[in-house]
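Order of writing sets the labels: A, B, C and D. Residues in every chain begin at 1.
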Amino acid sequence: MKQRNRQRDAFYPVQCAGAPGSWRARLHEIIFGIDTPAGRAFDIGLVVAILLSILVVVLDSVPSIGGPHRKLMYGLEWFFTLLFTVEYVARLATVRHPLRYALSFYGLIDLLSVLPTYISLLVPGSEALLDIRILRLLRVFRIFKLTLYIEEYTRLGEALAASRRKIMVFLSVVLMAILILGTLMYVVEGPDHGFTSIPMSMYWAAVTMTTVGYGDITPHTPLGKAIASFMMLLGWGILAVPTGIVTAEMTARRTDRRQGTRRPRACDECNSTGHDVGARYCKDCGAPLPGTVPAH
Amino acid sequence: MKQRNRQRDAFYPVQCAGAPGSWRARLHEIIFGIDTPAGRAFDIGLVVAILLSILVVVLDSVPSIGGPHRKLMYGLEWFFTLLFTVEYVARLATVRHPLRYALSFYGLIDLLSVLPTYISLLVPGSEALLDIRILRLLRVFRIFKLTLYIEEYTRLGEALAASRRKIMVFLSVVLMAILILGTLMYVVEGPDHGFTSIPMSMYWAAVTMTTVGYGDITPHTPLGKAIASFMMLLGWGILAVPTGIVTAEMTARRTDRRQGTRRPRACDECNSTGHDVGARYCKDCGAPLPGTVPAH
Amino acid sequence: MKQRNRQRDAFYPVQCAGAPGSWRARLHEIIFGIDTPAGRAFDIGLVVAILLSILVVVLDSVPSIGGPHRKLMYGLEWFFTLLFTVEYVARLATVRHPLRYALSFYGLIDLLSVLPTYISLLVPGSEALLDIRILRLLRVFRIFKLTLYIEEYTRLGEALAASRRKIMVFLSVVLMAILILGTLMYVVEGPDHGFTSIPMSMYWAAVTMTTVGYGDITPHTPLGKAIASFMMLLGWGILAVPTGIVTAEMTARRTDRRQGTRRPRACDECNSTGHDVGARYCKDCGAPLPGTVPAH
Amino acid sequence: MKQRNRQRDAFYPVQCAGAPGSWRARLHEIIFGIDTPAGRAFDIGLVVAILLSILVVVLDSVPSIGGPHRKLMYGLEWFFTLLFTVEYVARLATVRHPLRYALSFYGLIDLLSVLPTYISLLVPGSEALLDIRILRLLRVFRIFKLTLYIEEYTRLGEALAASRRKIMVFLSVVLMAILILGTLMYVVEGPDHGFTSIPMSMYWAAVTMTTVGYGDITPHTPLGKAIASFMMLLGWGILAVPTGIVTAEMTARRTDRRQGTRRPRACDECNSTGHDVGARYCKDCGAPLPGTVPAH
C-alpha cells in the first residue's frame, strides 16, 4: 500500500480499480505509485510537463512574445491540453470511485487544467481580453498539481491548521487597527489629499502598516504625518519587538553573569560563578549550590 | 457567577441588579451571560449587528455607493442606532450600578455607538465634510464592543503590559535614532530636496527606518544617499540580526556535532544537556560529565 | 557610593571633589546622585529641560512656526543655553578631575549642548542656511544626556558589543551582496534607466534588499525586473526563513506526535506516545523508554 | 599543516609544490599560510589591495569622478591588475597542482580579477558602454577573494546547506503564491492599469509580498486594492505570525504562572522542566512529578 494513499483516502480517493496484475492495476501503479521506476518516471515527466505548460501560459501573456507566435503558442497549448486530458482520463479509468476523484481537490485541479482550452473552442469570440486573461488564470492553477509531490506541504498545512486560532486572533487585531487608524486618517487628511473614502483609507493603512509603502497615497498634513509615523512604527515594531524580546532574554543571562549585577551564586566549595539559573550543582566541582536542595 | 464578571468587576462593572428570577435577572442573563442558549444567541446577534453596522458606515463613506443611496443609508444607520440604543438602555436597566457602567470603557463605547446619529439630528447643518467624517469615525469605534468576546485579547493585553518597560526602552532608542539621523539628513540634504524642517526630516527617517519607503521624499545628494543606506540597513538589520543570531545558535550546535569541534555533552545520569563548554559536573544532578576528569 | 559611579569610573569620571559635608559635596550629591530627594528632583528637572529644549529646536526649524516667532525662539534658546551652562559649570566645579570629565563622552555632550548658541553670537552672519542647520543638529545631540538615566541602555550596549563579531560578519555578507548585485543591475539596466553609476546602483540595491523600496529608481528591462525580484526575495527571505525555521522546529515535534509519521517511541508498559526526543522515562507511568539507559 | 588546507583540499587545492625549505615552500608559506608574520602581513596587504582596487572600480563608474581623471584611473587599474597578476602567477608557481587550482573557485576568481583589463587591451574599441560595464562587474568579483579570510562564512554556508530543503520548500510556496496571485491581479486589473502581462504582474506581486512596494505599478480597481491588501498582509504576516507565536509561547507560561492557570512543574529529583501538561513522571529521571498522583 502506498504511504500517500493511506494518509489521504478522504482527501485524495485514489484506490485502485483493477485486480492486481490487470492493465488497470499496472497503469494505476504508474500514475499514482512511487515504488516502481515507471511510476517515478511518470511523476518526473508530469512535473516537467506542468512546469513547461505554465511557462507557455506565462510567456503567451507577454504581448511581444505571444503576439508574433500565435500559431506556435496555440499548438503548444493544445499539446499540453491533450497531454493532460489523456492523463485525466487515465486517472479516472484506474481509480475505484471515479466520481469521488473527479470531485476531490486534485480531480478538480486536473479538470481545470484542460477545461480552458476546450472552452475557448466552444466560445469562439473569446478574444475579449478579460476572457483570455481568465482562461490564463485557470490554466495557471495547474501549479497546484505539484503540491502532491512535496511531503512538506502537508506538514506545513497541518502546522498552519494547528495555529489557526492564534492566527485568526492576530489578524483580527491587525484588521481592527487598519479600520480604526485608517478611518482616523480619513478624518485628518480627507478627500483632498487622496483619502477619498474609508475603504481607500483602510487600503492606505494596510499599505503603511505592512511597511509596503507604495506612495500612491501619502499624508500631507503634519498631524497626518505624525499619525502615519505612529502606524509605521506599529507595523514595523510588531516585527521588531518580539524578536528583540526573545533575543534579549537569551543574551541577558550571559551578560548578567559576566557583570555580576544580579547576585549570581558562587559555589561554596570552589567559589566559581556563572551557574545557570536552574542549576543545582556546581559545574566545576560537583558540590551542591547554595539555595537549592540537592537531588541526592 | 460568570467567569468574565469575576475577572473584570472593576473594569467591567456588570453585577446583576435584580433578584434572581425577576425579569431584570433574566434580561441580565441574556445580555451579559454566556451560559444559556438565549445568552449565546444574543451574543451572536450582537456581533453580527456590530459588523453589519460598521459595514454600512464604511460603504456609506464611498461617494459612489453612499451618494446614490442616501435614503437607504440613512434608514440603515437609524436602524442600527435604535438597535444599539435599546441594547444600551437594557444594559443600564439590568446592572446594579448603572452610572459605574456608563463611565466604564464598554459603557462609553456603547454610548459612542449611538451618539453620532443623535448629534447629527441636533446639528442639522452637519453636511460639513469634516463633521461627517468625525461622526463616521465615532461610529466605527463600535468595533471595540467585539473585544469582549475574544478571550485571547485579554491575554495579549496582559503580555504587552508585562513587557511594557522593554517596549518603552526599545521605542525610545528608535525615536532617538529618528531624531538624530533625521536632523542629520536635514543638514545634509536641506530644504531644496524636500527636507524642509526637522519634523519633516524625522517623518522621512521614520518612513525609511521602518522600511516603508513611500518615496514622497528621497535623498538626492551622494552623502545623503549614503546616510540613507545606513539607516535602511539599520532599520532592516534590527529585524534581521536578532533573528539570525537566534537561528545561528540553534544551527551551530548541530553543525558542530557533525564536525566535532564543540562537544555538546549529555549527562550520563540524568540526560540533561546545555552544559557550559568548560563545565565538569552536571548542573542538574552533580554527576561528572563525560570527557572531563573530575576535580576530585 | 553611587552604583552608577562604580560602574563607569573610566567612562564617566565623576568622583566628588569636596570633603563630605562641604558645599561641593552637597552640590555633587544633587547633580550626580540619585539617593536624595534633591538629587532625584534635579534629575527629573534636567530630563524635562532637555526634552523641552529639543522641542524648541525642532519647532524652530519649521518655517511656519520658527519664522513668525523669532524673538520668542531666540529667548527660549538663550534660556536653555544659560540653564545648561550653569549645569555644566556646576558639574566641572564639583568633580575631582574636571579636565577628565570635560573630555569624557558626557562632558563633550554637555559642551555641545551650549556651544552652538555662543558660536552663533561670535559669528553674527550665520543666517547662512547650512550653518543654522548644523547648529540645530549640534543642539539636538543634547538627547544623549538622557541615556545616563536609563539603565537598560547600558545592557543593550553590552549585548550589542558581545555580538559584534556576528553582526560584522552578517553586515559584510549583506554589503557584498549589495556590491555584486548592484553592479550586476548597473550592467543590465544601465544609465538610461537611472542606474548611472555603481554607487547609484548600490544605493538602489540597498533600497531594494532592505525592502524600503522608494521607487525613485526602478528596473525597466525584463531581466532587470527578474534580478530585482530575486533580490527582494533575498532581502525579505533573510527575515522570513530563519523565523520560519525556528517556528517549524517547534511545531514539527507537536505535529509529528499526532500523526505518527516519524516512529515515535511507545512506552512498553503503558503504550503511550508523545515523549520528548531526549526523554528517558515514560511521562505517564515512569517506566524506562526503549532505546535509552535509565539513570537508576 | 594549515588548518585551512586540511578542510578544503577538494575545494581549495593548495598543497605545497616544493620541498620544505625551498624558495617555493617559503613563498607558499607567505601566500597561503597564516602562521608566520610574513604570511599574516601578506594577507593583510592583500585584503587592503582588494578593497582599494574595488573602490577604484566603483569610483571610476561615477561619471563626475571617472570622467575627469581618466589617466589616473587607467594607471590605478593597471597597477592593481599587475599586482594581482604577480600574485596569481606566484600562487600557480607554488602549488603542487596548478591546473587544479586554476580551475577551482578561488583560482577562477583570481583569473577574473585580472582578465578584464587585459581584455580591454585586446579589444581596443571597448568604449561601448555595455562592455565597460561588464568589465567593471568582472573586476568587482574580486570581493570574493575576501571570503577566504573569514571563518564564519564557511559556517554560514554550511548552515545554509543543511537547511536547503526547508528553504527550497518555503521558496516554492512563495513562488506559487506570486504566480497565482500575480495572475489573479492580471485578470482583475488588466493591461490598462499597468498589469500588461503575467510576468509583469508576477514582478508586481513580488514587489508587494516582500513589502518592498516601489509604487511603479499599483492597483486601481477596488477589487484589485482588496486583493493587494490581502497579499501585503500575507507577506508581512509571514514575518509577523511566527515571531508572535514563538514570543506568545514564551510569555504565556510566565503569565499563566502568575494567574495560576497552567502549573509548570519542576521535577523534585533532577529539577528539569518542560514536562507536558499531562505528564505524571519526570522525563529525565523517572521520578513522580509534584501535583499528580503516580499511576503506581
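FYI, contacts are C-beta pairs under 8 Å (C-beta built on N, C-alpha and C of every residue); 3 or more make two chains touch, one makes a residue touch a chain.
Just so it is clear, the structure is predicted and the values come from calculations on it, not from any experiment.
Remark: among chain pairs C-D and B-D, C-D carries the greater number of C-beta contacts. Shared residue numbers account for under half of those found at the interface formed by chain A and chain B, and the copies are therefore classed as meeting with different residues. Chain centres here are Cα means. That of chain C falls 24 Å from that of chain D. Here the CA centre of chain B is 35 Å from the CA centre of chain D.
Of all residues in chain B, those touching 2 or more other chains are 163, 166, 199-200, 202, 211-215, 235, 239, 243, 245-248, 270-271, 284-285, listed in ascending order. Here chain C touches chain B in the complex through residues 54, 57-59, 61-63, 129-130, 133-134, 136-137, 140-141, 143-144, 146, 150, 152-153, 156, 163, 166-167, 170-171, 174, 199-200, 202-203, 206-207, 209-216, 235, 238-239, 242-243, 245-246, 249, 278, 280, 292, 295-296, going by the rule given at the top. Within the complex formed with chain B, the chain A residues making contact are 165-166, 169, 172-173, 176, 179-180, 183-184, 186-187, 190-191, 196-200, 202, 208, 211-215, 218, 222, 225-226, 228-229, 232-233, 235-237, 239-241, 243-248, 250, 270, 274-276, 278-288, 294-296. Contacts from chain A toward chain C in the complex involve residues 155, 158-159, 162-163, 211-215, 239, 243, 247-248, 251-252, 254-255, 259.
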